[in-house]
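Scroll down for the structure; my scribbles are underneath it.
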Amino acid sequence: MKLLYFAWLKTKIGTAEEELNPPPEVDTVAALLDWLAARGGGHAEALADRNALGVAVNQEYARPEDPVGPDDEVALFPPVTGG
Amino acid sequence: MKLLYFAWLKTKIGTAEEELNPPPEVDTVAALLDWLAARGGGHAEALADRNALGVAVNQEYARPEDPVGPDDEVALFPPVTGG
Amino acid sequence: MIRVQREDFDLGAELAALTAGNHKIGGLAVFVGLVRDVVGEQALGAMTLEHYPGMTEKMLERIEAEAKQRWPLEASLIVHRTGRLEPGERIVLVAAASRHRQAAFEACQFLIDWLKTKAPFWKLEETESGPRWVEARAGDDQAAERWKKRDPDAAE
Amino acid sequence: MIRVQREDFDLGAELAALTAGNHKIGGLAVFVGLVRDVVGEQALGAMTLEHYPGMTEKMLERIEAEAKQRWPLEASLIVHRTGRLEPGERIVLVAAASRHRQAAFEACQFLIDWLKTKAPFWKLEETESGPRWVEARAGDDQAAERWKKRDPDAAE
């Protein structure tokens, strides 16, 4: 699974992109966020407040209950501030 | 008194501008319009429907009860359609 | 700033000059009116814009001043053309710049709505069935009405 | 049309190209967002716009398509810059052209309101007290909300 981090999530986690292999039971956005937070360190810190967190799966906005799988590109980011 | 006519009022009256000397009792916009209409011909035709008529005295929008005098510039025109 | 002129305007140059050097501006809202080639069901060959020199400038200045009083504008511009214009040609440019976009958008709409109902311009259209003076649109009166609610006597 | 680019855009050329040859257009509404030199109480030296390449273009295309579905547009354009921008520089251009001005204005506001809440851009500001990621404004959410009432699930 390809993980992308933007804005301050990138800074806190310390990378813009990483390849991870969560176990098969991590099959939803919510489960993935739990699994990432459990890694501790920058991941735990970046995921401390999930209310404001935006998630996209394969470049589409996703909700906690949406499915994720090993071949997906999952992006985590703060609320958007363009324009 | 200097009279100016715009758009179709100019066409109906047959001139864009004329110098007229209404009698002293013609001292309001309403009285002026009555006096002009009474001249007959193009003036009467142009002033047949006063509902839609715009009037400016010295380049300010004026109402029927507003005063007019010999030194004024009075303009008559249909509703504006710029922009 | 307001201007009434026969010649076309350079949109890029006008807007660049309007915002140049003012780094308080966060949003610029612009409206450009153009001559359409169809009016109602008829093909339009051209239109001629007549106006009341002197009063036009006075009214445009007043409309701009009113916008500046209602919204915190950093810059504003009205340029209106006169004379004969063909389809595709620009008729009018209004622009409003402010710190935030909402004020810029509202002021820009106010400028064009009030211009359309208060500035002494008249359009003569050349249609297939001959020349025809454009009649005022009820929609324009309604658009102007919404700004009137705030201040019933302003600029009249 | 939508475009994401580092370089500045030529406003006059963009708008001329957008309306060129289409004589059905009666009104063109435009918004340009610029970098301000003050944010809150602090002086801003510059800002850097980060984005999510691929998803950004996808979202901008969807926002434009949604505008075309809601209003009878003859033309529309979104150009958004990325990278480091200094005060006075242009960030974004949105434009909508229609037969009548009301549709052009509404679509233009819709484009920028939705862009601000849906397109994956993030601003990093360089202030006196160091770099700072811009937080989402409640006002932007409210501005986007008014378009949501019409169609709660669109483009999400």
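A, B, C and D are the chain letters, set down in written order, and residue numbers restart from 1 in every chain.
The rule is simple: a residue touches a chain if its C-beta (ideal position, glycine included) is under 8 Å from a C-beta of that chain, and two chains touch if they have at least 3 such contacts.
In this text the structure is predicted, and so the values were computed from the model without any measurement.
**Q** Give the touching-connected groups of chains that are left after chain D is excluded, with no other chain moved.
**A** Apart from chain D, the chains cluster as A | B, C.
**Q** Spelling it out: a chain qualifies if it touches chain B and also touches chain C; which chains qualify?
**A** none
**Q** Averaged over CA atoms, how far is the centre of chain C from the centre of chain D? Could you give it in whole Å?
**A** It comes to 23 Å between the two C-alpha centres.
**Q** Quick one: report the Å distance separating chain B from chain D, using the average Cα coordinate of each chain.
**A** Averaging C-alpha atoms per chain gives centres 49 Å apart.
**Q** So the centre of each chain is just the mean of its C-alpha atoms; given that, what is the distance between chain A and chain B in Å?
**A** 73
**Q** Averaging only over C-alpha atoms, locate the centres of chain A and chain D and give their separation in whole Å.
**A** It comes to 26 Å between the two C-alpha centres.
**Q** Taking each residue of chain C in turn, which ones touch at least two of the other chains?
**A** Residues 33, 112 of chain C touch two or more partner chains.
**Q** Please output the residue numbers of chain A that touch at least 2 other chains, ranges allowed.
**A** In chain A, no residue touches at least two other chains, as defined above.
**Q** Which residues of chain B touch chain C in the complex?
**A** By the definition above, chain B touches chain C via 4, 6-8, 52, 54, 56, 59-61, 75, 77-83.
**Q** Which positions of chain D touch chain C when the two form their complex?
**A** Touch list, chain D to chain C: 10-13, 15-16, 19, 21-38, 87-88, 99-102, 104-105, 108-109, 112, 139, 143.
**Q** Considering the complex alone, what residue numbers of chain D touch chain A?
**A** Residue list for chain D touching chain A: 33, 49-52, 54-55, 58, 80, 91-92, 112, 115-124, 133-137, 140, 156.
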